[in-house]
């Protein structure tokens, strides 16, 4: 079974997304929530890195956190799935363990 | 209050480098800015790095259970706080443009932002 | 499924406790059990009975209390972290209890998943 | 010279309040005046009278109180930030006072320098 | 206590990614680790990113007015907590080497650290 | 008169040193304190960037924070001056304003 990794800080400000991606195993799920959601805009400089990561990891972003910051789900990098809190719970239940990259 | 009539006018800058909602800083800086209006100072607001998201249009935080304070930025003009500066490179790196901003602001380069910061008497960051 | 939740940050300054609350609500709505919510580090300040947020803002402490009332969720504040930060029996909000760090390790053992929210 | 200090974080979780205290002590030792120390955001929890850190650790609140006693330093806690976080008159440590954010702006105007410590 | 005799043994990992002293996390994680020893679990400590500085020799925080808890790492062995893993790349990036560490620890690659994390039942990070 | 910039977070974890260096003006002073001091080891990957910055800025690091983290001042990148809290005060007094990169 795979791990769910959560990242809650802006990848422009902190290294925790980078560290997460450097340790996650193929097939693991990653959820970006809280301030981490600012990194997912298709026009941003992290788009390429996220698209690459989506080749081996299951990337998700929390919809309520996107909405809070005025980010249209249509502008999110392709390959990242938008979920709500219920989806976060489902990812937790499906995973073997949850690894929070604080 | 005496302090509001000190006669001293300083260049104040409130620097915003963090996104809204993930922390309370954006909201509580705004409270500082509103208070500063009563002191007749030369107030500047700078938005750089992730702080540019504070001015993003369309913020709807009901789903995370917190209040949407972003319309308050529109009220700043009524307090004569009109010097809002947004860093161009910060917008571009994040896939944002001037059209994404909910209030008029002057878009300046990183180099100009650095020079402007250097002219300040008081810089407050959260 | 039985879920444990660890909250590392106080309310308002960080979104962590809001996210933890929304997660807990969603888990309960899906029929899962919250085995325990453990408050550590600055997370202990979620349990202050003295907080009075502006009336147009959410009240994080009351959110937790309602969850405890409606679903008998066990809200545990770390005694040592609380002492450091001034969260003690005299200002502990109803619905929370103070106990040792062993309660967190126990949650890690007994719950099927432990989910951490922090800075 | 007259110095103002802004403390944005609570004690223990972040070093910010320790650094601010060491800075204030060094400034006083050099003959400068501390016009005011203003506690904002989670910084308000520096003023809790209920904190009981372990006996082998420093007591940040007492450090501030001693500074206030020995040098008449004005320690001001933001009323709005304090209300949010449960720092109110009933648990305010002696030596601190609660007032409005205007006291911070005034410090920015009246002091020759404003130095910020935070996360 | 009942919970100490549950019979369940899980793989626990305490992940340390932050330097000591700037925040309380390193100290309070150590308190968690010590408590976990009473529960007969399979406890792992991981030090990566800036967390490697927690194990740096020669920490002397008297000058910043805080207590030196780093000797506590030497006491872990007495609690049968002996699985300490330090990431090689994190050391190298920071100009540190195995000689800088105050306790014996297994130095592993980032790839191995990722795999080890993937084997855990409970991961606790601060 | 110049500005004193303070940076208190690890430059391996956060972008605030980078942002500071991108905005500081020639002749400005920069003080690394608290967790930011972990970046100054001569053998670390930030050594080159700091040495470059020291060409136009006056870089300082807080000695008590180095000692707390077990870092020998002899191992600090050349061109960075070690100061104590009194030195921090002197830098503050000498500068026109203090800009904290939090």
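Going in written order, the chains are labelled A, B, C, D, E and F, and every chain counts its residues from 1.
The criterion applied here is as follows: a residue touches a chain if its C-beta (ideal position, glycine included) is under 8 Å from a C-beta of that chain, and two chains touch if they have at least 3 such contacts.
Fair warning: this is a prediction, and the values are worked out from it, not measured in the lab.
Work out which chains are contact partners of both subunit C and subunit E.
Chains that touch both subunit C and subunit E, as defined above, are A, D.
Could you tell me the least number of steps, going only between chains that touch, from subunit B to subunit E?
2
So what's the Cα centroid distance for subunit B and subunit F, whole Å?
Their C-alpha centroids are separated by 26 Å.
Just curious, how far off is subunit F from subunit A if you go by their C-alpha centres, in Å?
Between these chains, centre-to-centre, one finds 33 Å.
What is the distance, in whole Å, between the centres of subunit D and subunit F, each centre taken as the mean of its C-alpha atoms?
The computed centroid separation for subunit D versus subunit F comes out at 24 Å.
Quick one: subunit A and subunit D, Cα centre-to-centre, how many Å?
38
Scan subunit A for residues touching two or more other chains and write them down.
Within subunit A, the residues that touch at least two other chains are 8-9, 12-13, 15-16, 34-35, 64, 84, 97-98, 100, 102.
Where does subunit D touch two or more other chains at once, residue-wise?
Within subunit D, the residues that touch at least two other chains are 8, 12-13, 15, 19, 22, 41, 57, 80, 114, 116, 118-119.
Among the residues of subunit E, which are close enough to touch at least two other chains?
As it turns out, subunit E has residues touching two or more other chains at 17, 21-24, 49, 64, 66, 122-123, 125-126.
Go through the chains and record each pair that touches.
Here the touching pairs of chains are A-B, A-C, A-E, A-F, B-C, B-D, B-F, C-D, C-E, D-E, D-F, E-F.
Considering the complex alone, what residue numbers of subunit B touch subunit D?
Contact set of subunit B toward subunit D: 1, 3-4, 6, 8, 10, 12, 24-25, 28, 31-32, 35-36, 38-39, 41, 122-126.
Residue numbers of subunit C touching subunit E in their complex, please.
6, 8, 40-41, 80-81, 100-102, 104-106, 108-110, 114, 116, 118
If we count contacts the way the header does, which residues on subunit A are in touch with subunit E in the complex?
Residue list for subunit A touching subunit E: 2-3, 15-16, 19, 22-25, 28, 96-102.
In their shared complex, at which residues does subunit A touch subunit C?
Contacts found on subunit A: 6, 8-9, 33-35, 64, 84-86, 88-90, 92-93, 95, 97-98, 100, 102.
Spell out the part of subunit F that touches subunit A in their complex, as residue ranges.
Residue positions touching the partner: 12-16.
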